[in-house]
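Next, two complexes with chain A in common: one pairs it with chain B, the other with chain C.
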Partner chain A sequence: MEMHEEQVGAVTALAVKGRLDSTTAPLLGARLESAMARPGASVVVDFVNLEYVSSAGFRVLLIASKRADESASRLVLSGLSAKVRHLFDLGGFLDLFSITASREEALKAAS
Partner chain B sequence: MRRAVVSITRAEGAVEEVQASLDGLAAHHAVPPDALCDMQIALDEALTNILTHGFDDGEPHRIEVTLAIEPTTIRAEIEDDCAAFDPLSAAAPDLTASLKDRRVGGLGVHFMRRLMSEVSYSRIGPRNRLVLRRALETGGTEDGNA
Partner chain C sequence: MAARAARHRPPNILYGVEDRPPLVVNVLSGLQHVGLMSVFLMYPALLAQAAGAPPDIGASLVSMTMIALAIGTLLQVIRMGPVGSGYLCQPISSVVYFVPSLLAVKQGGLTLVFGMTAAAGLLEVVLARGLGRLRALFPAEISGLVVLLVGITTGSVGLRTALDDVDLSSTANSHQLGLALATLALMVALNVWGRGPVRMFCMLLGMAGGYVAAWLLGAIGDSEWERVAAAPAIALPALGHLGLSFDATLAIPFAIAAVAASLKAMGNVTTCQKLNDADWVRPDMRSIGRGVAADGLGSLISGLLGGHGLNSSTPVVGLSNATGITSRSVAWPVAAILLGLAFVPRIGLVLSTMPKAVVGAALVFSSTFIIVNGIEIMTSRLLDVRKTLVIGTAIVFGLAVEMNPHLLRILPTAARAALGSSIVVGTLVGLLLNLLLRIGVRRTATIEVEPGAPGTAEALEEFIEAQGAAWGARRDVIERAGFNLAQSIETIASIGVVNGVLEVAASFDEFRLDLRVSYDGPLPELPDKRPTNEEIIASEEGERRLAGFMLRRLADRVSASQKGARSVIVFHFDH
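And then the complex of A and B:
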C-alpha cells in the first residue's frame, strides 16, 4: 500500500494505492487520526487506485467516520472501483460514509 | 508449481508472507484478479482471527497454510494448533446499525463467507482446520456479485 497526502486549501487530501488490509490499515488509521485531530477538519480519501479493502480497513474508516461525526469534521471518500464498491456494499457501508465518484467532487463536498 | 506451503510461528509479518506466496502462485497460473483479490481478503480475515485470538495465550503456536491453484478453483487450507475456535459459529454482524452503533466485529467472517465459494471448518484432534475455496471464474461467489 502506498499513501499520498497533500493539502488542498483547507482540505487534507489522502490517496491510497494498493491493498487496505490488516497489515496496512494501521498506517491509514494513524494518518486519519492526525489529519482529524483538529475539530472541524476536512479530509478526503481517494480510493481510485485501491485494489481492495478488508475488515481491518473498514475498521479504521469507521473509527475516523465516528470521530468526524463527534468533532464536526468532514470525511469524504471517493473513486470506488466496482470491486471496492462491492466490498462496501457487502459490509453495509455505502450508506454509512460520504462517498463521491471523483476526487474533485469529494474536495467540493469536504470544503 | 501449483502448491505452496507457509508455516507461521509468529504474528509479525505472517499475513504478508502468505499474501506474497499467493501472489507468486497466482502470477504463475494467470489467476483472474477478482478471484485473487477475494482469496487475499479471506486469508487476511482468517489469519488475523487466528493470530489475534489463538496466539494470545502465551504458548508457542504454529499455523500451516497450504495454497493450491486447481483447474477451477483456488484453495487455501489453514491448520493451527490453537484453542478450538469455529469462526463460522460467529454471530452475523448487524449491517444496518447507524454509524454510532456500528461495530466491525463479525465483519471478517461475513466477508469470508460472501467472497468464497465455500468455507468449511473442522476440529481434528488438537488442530483447527479451515478450508477456503474460491472458484476461478469471475463472479464465482454463490451470493452473486454486484
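And then the complex of A and C:
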C-alpha cells in the first residue's frame, strides 16, 4: 500500500493506493489518528486507487470514524470503485461513513 | 446467501421500481403497457379458431386470459410469501404455451388446453424452488435452442394458417395470399421505418391494417360484423366451455413449455434488476425465484379460469426501459385496465373473427424475432465443439420432424403423441446430448501457500484471476472469489495454521466455481449475523467475526468441516 498526504486548506487529504489488509491497515490507522489528533480536524481519504479492503481495513476506518465523532472532527471517504463499494455494502458500511464520488466533492464536504 | 447491493438508479430511468410517479404518468404508462400486451391476445383468439369454437367462446377465452393477466401482473409486484419479484415484469399470453396448446386443442379440445396449462403453471411454481439445478440442465445453448424451435414452429404455424387451403387459381384465395403478404409487409415497414409508438405497436397496427383490408376485400362476412355490433357493451364472459382435462401424452410438451417459461422469466427478472440498479453486479436469485413462482401462478390461474398460458415478456420489459418508467406502481393501472376490458366482449369478438391471413402474417412476423432471440441466446457464450454438436444435432432432429412428420412412425403409437413436435424432439435430443457431453467438462487447479508469508494474498488472487481467464469465467465471479481467498488467508493466518501450509483447489464448470480451502488448524467462525460496530472496534475477535460474516455473504453457499486437525472450507459461487 502507498499513502500520500497533502494539506488542502484546513483539510488533510490522504490518498491510498493498493491493498488495505491486516498488514497495511495499522499504517493507515496510525496516519488517521495523527491527522485527527486536533479536535475539529477535517480529513479526506481518497480510495480511487484502492484495490482491496479486508475486515482489518474496515476496523481501522470504524475506529477513525468513532474518533472523529468524539473529537468533532470530520472524516470523508471518496472515489470508491464498484468492486470496493460492493465490499462496503456487503459489510454494512455504506451508511456508516460519509462517502462522495470524487476527491473534489469530498474536499468540499469536509471544508 | 450473498446480499443484493442497495439500488442506485441509473440515469436513464425516470421512475425507478420503488418510485411513485404522478397519477397521470402512472395511468398513461399503464395504457401503453396494456396496448403492447394486447398484441399477444391473438394467441388465445387463434387457439379458439383452431378449436373450431364459436366466436362467443373465443371472446371468453380472450377475456379470461385478460383477467389472468391482471392477476399475474399484480402477483409480480405485491411480493406475498415466496411469490413476486417486486418488479414491473408483467406477463403476456405467450407463444411458449401457444405451441403445445395447439397440440392439446387438436387432441382434446379447450378443456385439455386449460388442464394442461394449469398443470404446467404448477410445475413452474415447483421449478422456482430449484432454479440452480435447472440452470445446469438448461445452459444458454439449450435455452436458446428451445426459443429457436418455438420461433420456427410459430413461423411454420403462421405460414400454414395464412395459406390454409389456398388455391392460387381461385381469385378469392389469391386475395387471401395477397392479404397475408400485405399485412406482413405493413408490419415490417412500420417496424423498420416507423418511429416511437408506431414502431413499438407495429404488429398491432399491422393487424388493424390487415383487418381493414380484409373488410374492404369482403373477406369478413356481414354476419360477423353484425355479431360484433350486436354484442353488449359490457357483459360477463361466457362460461359454458369451461372445464379441465388432462392427458399424460402431452406431459412432455407442456413440461418443456414450463421450463422454457421459467428460464424466460429468470432472464426478464434479471433484466429488471439491471434496469433498476446502476451498480448491478450479479442476479439476486431470491427475487428471481419469487418472480418465476409468480409467473407460474399466473399460468396456473389462467388455466383454471379458462385462459391461455402466460409468461413474462421481453418486449414489455423493453417498453419500461424505453420509457424510463419501471415503477411497480404502474402494475395497478395495468391490472385495472385489463380487468375492465375483460368485460367488454367486443374486443374478444374482434380478435376471434380476425381473418386467418392476418393472424398468420402476425405469427410469421413475431416468429422472426423469436428465432433471432434464440440464436442470440445460443451464441451468448463461446461455442466450443461440445456445444456446437449439441445445438447442431438438436436442430437437425427438430427440423426433420417439422419437415417430415412420418419419421415418427419408427416410434410406438403412444410415444408419437408425446414426441410429435419439433420442439419436443429437438429439446430432448439437446438435453440428452448436453448431459452426455458434459462428462469430463469440469476443470480443477490447485495451489499451496504459506499463510502469513508476505505476498500470499496477492499470489492467491493472481492464481484465481489466471485460472478464471483460462477458463473463461465471469469477471464479477472471479473478483468475489479473489476477495474470498485473500480474506480467508488473512483470517486463517490470524487464528493459526499448524503445519504452515494451506491448499486451495479451484474447480470450475460454466455453472459453478468452487474454492476448497484446506489446512491443519482451527476453523474460523462464519456467522450469519454481522457483529456490531462496537464488537468490531473492541477486539480483533470482532474483526475476525466481520471477516467470517463477509466471507459467508460473498459466496453463494459455504460449507465448513473439520476431521481431526484438518479443516476444510468450501466456497460455492454460481456462474
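In the analysis below, the second predicted complex is superposed on the first by the 111 of 111 C-alpha atoms of A that agree within 3 Å, B and C clash if a C-alpha of one lies under 4 Å from a C-alpha of the other, contacts with A are read in each partner's own complex, and residues count from 1 in each chain.
As a working rule, contacts are C-beta pairs under 8 Å (C-beta built on N, C-alpha and C of every residue); 3 or more make two chains touch, one makes a residue touch a chain.
Please read all numbers here as calculations on a predicted model, not as lab measurements.
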When chain B and chain C are modelled together on chain A, clash or fit: clash
First, second, both or neither for A:Glu5, with chain B first and chain C second: neither
Partner chain in contact with A:Glu105 - chain B first, chain C second, else both or neither: neither
First (chain B), second (chain C), both or neither touched by A:Asp69: first
From 41-49, 221-229, 365-373 or 455-463, the chain C stretch with C-alpha clashes against chain B: 455-463
Footprint overlap on chain A, where chain B in one structure and chain C in the other make contact: 19, 21-23, 52, 54-56, 58-59, 62, 66, 82-83, 85-87, 89-92, 96
Interfacial residue positions of chain A with respect to chain B in the complex: 19, 21-23, 51-52, 54-56, 58-59, 62, 65-66, 69, 82-83, 85-87, 89-92, 96
Chain C residues touching chain A - in the complex, by the definition given at the top: 2-3, 5-6, 279, 281, 454, 457-458, 461, 479, 483, 486-487, 490-491, 493-494, 530, 533, 536-537, 542-544, 546-547, 549-550, 553-554
Residues on chain B engaged by chain A in the complex (per definition of touch): 15-16, 19, 34, 37, 40-41, 44-45, 47-48, 93, 95-96, 99-100, 102, 104, 107-108, 110-111, 114-115, 145-146
List of chain A residues in touch with chain C within their complex: 19, 21-23, 52, 54-56, 58-59, 62-63, 66, 82-83, 85-87, 89-92, 94, 96
